[in-house]
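Below is the structure I would like to discuss, written out as structure tokens.
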Amino acid sequence: MATASAAPAPSPWLVARDLVAGYLPGIDILRGVSVEAARGQVRCVLGPNGTGKSTLLKALFGFLDLRQGEIRLGGEAASATSPHKLGPPRLEPHEMGRQGVAYLPQRPSLFPHLSVEVNLRLGAWRYRGDRKRVEELVARACEQFPVLAERRRQAAGTLSGGQQRQLEIARSLMQDPVLFLIDEPTAGIEPRVTGMIYDLIKSLAADGKAILLVDQNIKRALEIADYVYVMRTGTVLSQGSRAEFGGDTEALVARWLYASGDTRQE
Amino acid sequence: MSAAAELLRGAGLVKRFGGIVANDAVDFAVGEGDLVGLIGPNGSGKTTLINVLTGHLAPDGGQVVLRGRPMRGAAAHVYAAMGVARTFQLTQLFARMTVLENLLVPGLTRPGSTWQAVARRARTTLEFLNLAHLEQLHAKNLSGGQQKLLELGRCLMLEPAILFLDEPFAGVHPHLRDGLIKRIQELHSAGRTFVVVDHDMESILRVSQRLVVMARGRKIADGPPAEVREDQAVLAAYAGL
Amino acid sequence: MTWDYVFIQVANGAVIGIIYALIAVGVTLIFSILKIVNFAHGDLYMLGGYCAYYVITLLGVPPLGAMFVSMAVIFALAIILERLLLTPLYDDATERKDEYGLIVTFGLAFFLRNVAVMVFGPFPLKPPSFIPGVQRLGGLVITNDRLFAGGVGIVLIGALLWFMHRTIWGQALDAVSQSRESAAIVGINARRFNSVAFGIGAALAAAAGALIAPIFSLAPDMGVLPNIHAFVIVILGGMGSVGGSILAGLLLGEAENLFTAFFPDPTRALAYTNAFGLLVLMVVLVFRPQGLFGRRHLRME
Amino acid sequence: MTIGMRGLHVYILLAAAALALVFADRLSSYWMHVAIIAMFYGILASSWSLLAGYVGLFSLGHMAFASIGGYTSGLLVQWYGIPIPLGMLAGIAVCCALGGVIGWVCLRMSGPYLAIFTLGFAEIVRIIFATEDDITSGMAGLHVERLFDTPSRLPYFYAAFALLAVSLLLMGLIVRSRWGLFLRAIREDEQAASASGVAVARFRILIFAIASGFAGLAGGFYGHYIGILTPSLGGLDFMAVLVVMTVLGGMERLPTAVGGAFAVEFLLEILRGYGQWRLPLFGLLLLLTMRFARNGLLAPLWLQFVRLGESPAVTATAAQDVPQKEPGL
């Protein structure tokens, strides 16, 4: 059960307003998307594929120029660090860690040929001058994830899918982020361990992190979500607390999968 | 399955990339005049299937039969010569050639084609797609939606019997999308066969007469849209179960 | 032909192989980060040799010190060249990056080579030996310079391996070559590593040039063949791995020297030795047409 | 469309050519030599642009084919006493065949890999010519029979002119035909080209054979003009000069490539006072061109020139970089 919902509604840490973005000129994948994320909450973005869910996370993390819109982190608007870029100001992806944002893309973003330990160390890249601090962080991660401690000398690419996800989360924790942008955490992972990964995400939220989760695994995602956004063709179709979306998952799927004219938002 | 004469058939198609089986014994048949929608979650093997069915990838198992002729790993241009046209998921135009030249290329590969006749037909096609005023522009200077239209036009210049459209609606502005659907319907009623892959279920349902669903490299449903809509396996696949 | 001769060829092959590897490792490093094949690498090697020569003869620095000075100078020069010429490669708006990288590095090679002809003169120069004299082992005679070049080459490669595997900067470099996106996710500014990789690759080439100078002497076109040899090595053993490059470098050095030793017509043996390496290159490319440059790392992107 | 003055640039070019032919005998022997060499490079630059510019096959073996053409013709004439034109034809044939083979072998290569492969081929050819000195006289140079039995350079000027004109005419026909369209389509996107029905492999082999044939022609002429051939003709330095010429002019059009060859060759002579500094200078120019004007220095001039006779309205619509608003269907 969602524990955070019992507490007074937290003010959102991430506020994104009317984001418009795309890869090719003239093709907007996001057509004015607004989402929020709050500490202690798992917010889930659902919708058929091709509607721009992954693009939303990329745009939030700075991998994509915004054409319009505004992103506020922890109450502050992003300042422009790339003045030559068109569109609203944004940070470069490599600066997001310092801002307290971690991004876990659909395919694990590990360095497959480097060992587990080196992956963790690189996660603490911003503290590279502070040897002691890095050692502490690595020790903390090993304590938190015993599986990784056992395999710290092993190349990250040789881990199982579930272990890779754990390593990725452990690595992102090295920077003490507030917000986690998570894209399909269980895609391509054997069903046996998916439960463990959702538990992990839930425990992050319980620790006061803000989670924005994009998922195809609707049933499981709904189980841990506090709040749900349903996206369709680049816009947010509907949103609300989990209670409003709980119940019959398949009806929900059918609703947005085969939605007819009423979903058109122009 | 359509009662019409069979145009193209993939029988037991297998395609592997390293350890990943992208197509696992897929049977896929298209009859003359069909309008097939091909859907499925990300990574279900749709684009691979199109690549195999249009000669851009040689299958590791099974075979493609075009108009009753086994293709035996023929190159893509042989398929094109036999009336198989396709668009690409990410538009692949001849970027530094003009809009008109983009259409001349496929037109002039037709045996016996004359430059004049092809140019005339290219201009008619551009008018059909409402791109005529951009004729002398380099293709790279078109907007994304215009590029998709031009790619469709390039297919049409092959005078194809069958067109494979890979995500024609992705990111296309709604009013342009409606026009695109209209064009597809017009071409279809003029006798062309279509296979359309897209995530935009609404558009797919609007155009297609038959829906094929893929998941994890396999075909999991094949039939009239109304039937497939009720299919629990399809919903389960999309719900990530 | 005596067995002594064969042994000498084996020893020489090992030394040359190490020098080749030193050049090839740089080509690999640059490819794995910048995704370009550096056609000007041999000319950075040449400049390294000349730089060491003038540091020795004009400033009176001892040869080994001169090598380090040369490495530093070429490192700086390479970073300047990279900033001036290669930045369009990182701009999304640049079209046909392959073609750009190819023509620019090819043009840079032509430029550097002809500047060298003008500045250093077309005639071969020979810097003083690192350690004069020879070592005899039975019938085996090998110059100290060759032994020294091989030894220092090994140390440098060892240092590079240490840097890549044991320092956070080396690991970050490796990380960037595996995935720029993932590097950005952990907060690494990947752009900075373009310069670092180009500079380190060039510095290693400069060291090779300085080491080889007392053995083969310096000439403005001395970089042409080693550059192609570096391609052979990277494609043969490469896969973006430093270890593979070293092994392939040794292999090629040995194969060439034994080819020379056993070629039936001694007057032509030396000439055809180079052709032999090139033939290997062409055959490998026919079977692996995308090359093996950085395959290991590219696969993950 | 345009009426009347369209194609003005063609008449201007024809007039210039006629003037060149009529007043050729006024040229000093020295400048006539420069002009002949420029035309030799003109054939090479245009045929290389056919490969590298039109199809995107960046071959570094083009000068090697010139060398092969030259040696083949020279040796055949020497051994069998056949007429020189026949020898040159044989050189062309050998180059076409070999070019086709190279084109076939490197079908799956692109970009730098093709460049490395052809570089390897060129160096092997050079090494063989240098080493098999009992046949080729090696570095001493092979003495080749001269095309005309006269000390005057005028006949060579006319011959070079004719060869360049015929080559450009043939290449121009290829480029302006549907083949030219297919070749550019292959350059832009091989996969899309084959989806459009272009037999990519066939055209890649064909163009390699054709371009190599023209290189063989140039090489054959060069040998029979200079009277001596050395292996360095096929070496990297000549290749680099060819790249400089073609890229400086503009490698994606035949006329700009030829223009680049002429400009660089004449500049090399005019700047002789600067001694060997000319070469690094041209290297620098190449780097600057790539960095700031990738389509070549002559390309914009050429476009202006072509539009000379056109009415302003046409020129305006022909501007190709005007962004357009998305139209409704």
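In this document, chain identifiers A, B, C and D correspond to the written order of the chains, with residue numbering beginning at 1 in each.
The criterion applied here is as follows: a contact is a pair of C-beta atoms (placed from the backbone, for glycine too) under 8 Å apart; a residue touches a chain by one contact, two chains touch by 3 or more.
Since this is a predicted model, take the numbers as computed values, not measurements.
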Chain hops separating chain D from chain A, counting only touching neighbours: 2
Farthest chain relative to chain B (centres taken as mean CA coordinates): C
Distance between chain centroids, defined by C-alpha means - chain B, chain D (Å): 41
Computed distance of Cα centres, chain C from chain B, in Å: 48
Intercentroid distance (Cα basis), chain B paired with chain A, Å: 34
Numbers and ranges of chain A residues touching at least 2 other chains: 26
Shared-contact residues (touching 2 or more other chains) in chain D: 326
Set of chain B residues in contact with two or more other chains: 95-96, 142-143, 145-146, 173, 175
List of chain D residues in touch with chain C within their complex: 56, 58, 60, 105-113, 115-117, 119-121, 123-124, 127-128, 130-131, 236, 240, 243-244, 247, 275-277, 279-280, 283-284, 286-287, 290-291, 294
Chain D-facing residues of chain B, complex: 54, 56, 75-77, 80-81, 85-86, 88, 92-98, 101, 104-106, 108-110, 115, 129-131, 133-134, 136-138, 141-143, 145-146, 149, 154, 157-158, 173, 175-176, 178-180, 182-183
Chain B partner contacts - residues on chain D that touch it in the complex: 178, 181-182, 184-185, 188-189, 191-201, 317-318, 320-324, 326-329
Chain A contact footprint on chain C (complex, rising order): 168, 171-172, 174-175, 178-179, 181-190, 296-297, 300
Residues of chain A touching chain C in the complex: 61, 63, 92-98, 102-103, 105, 109-114, 118, 121-123, 125-126, 128, 157, 171-172, 175
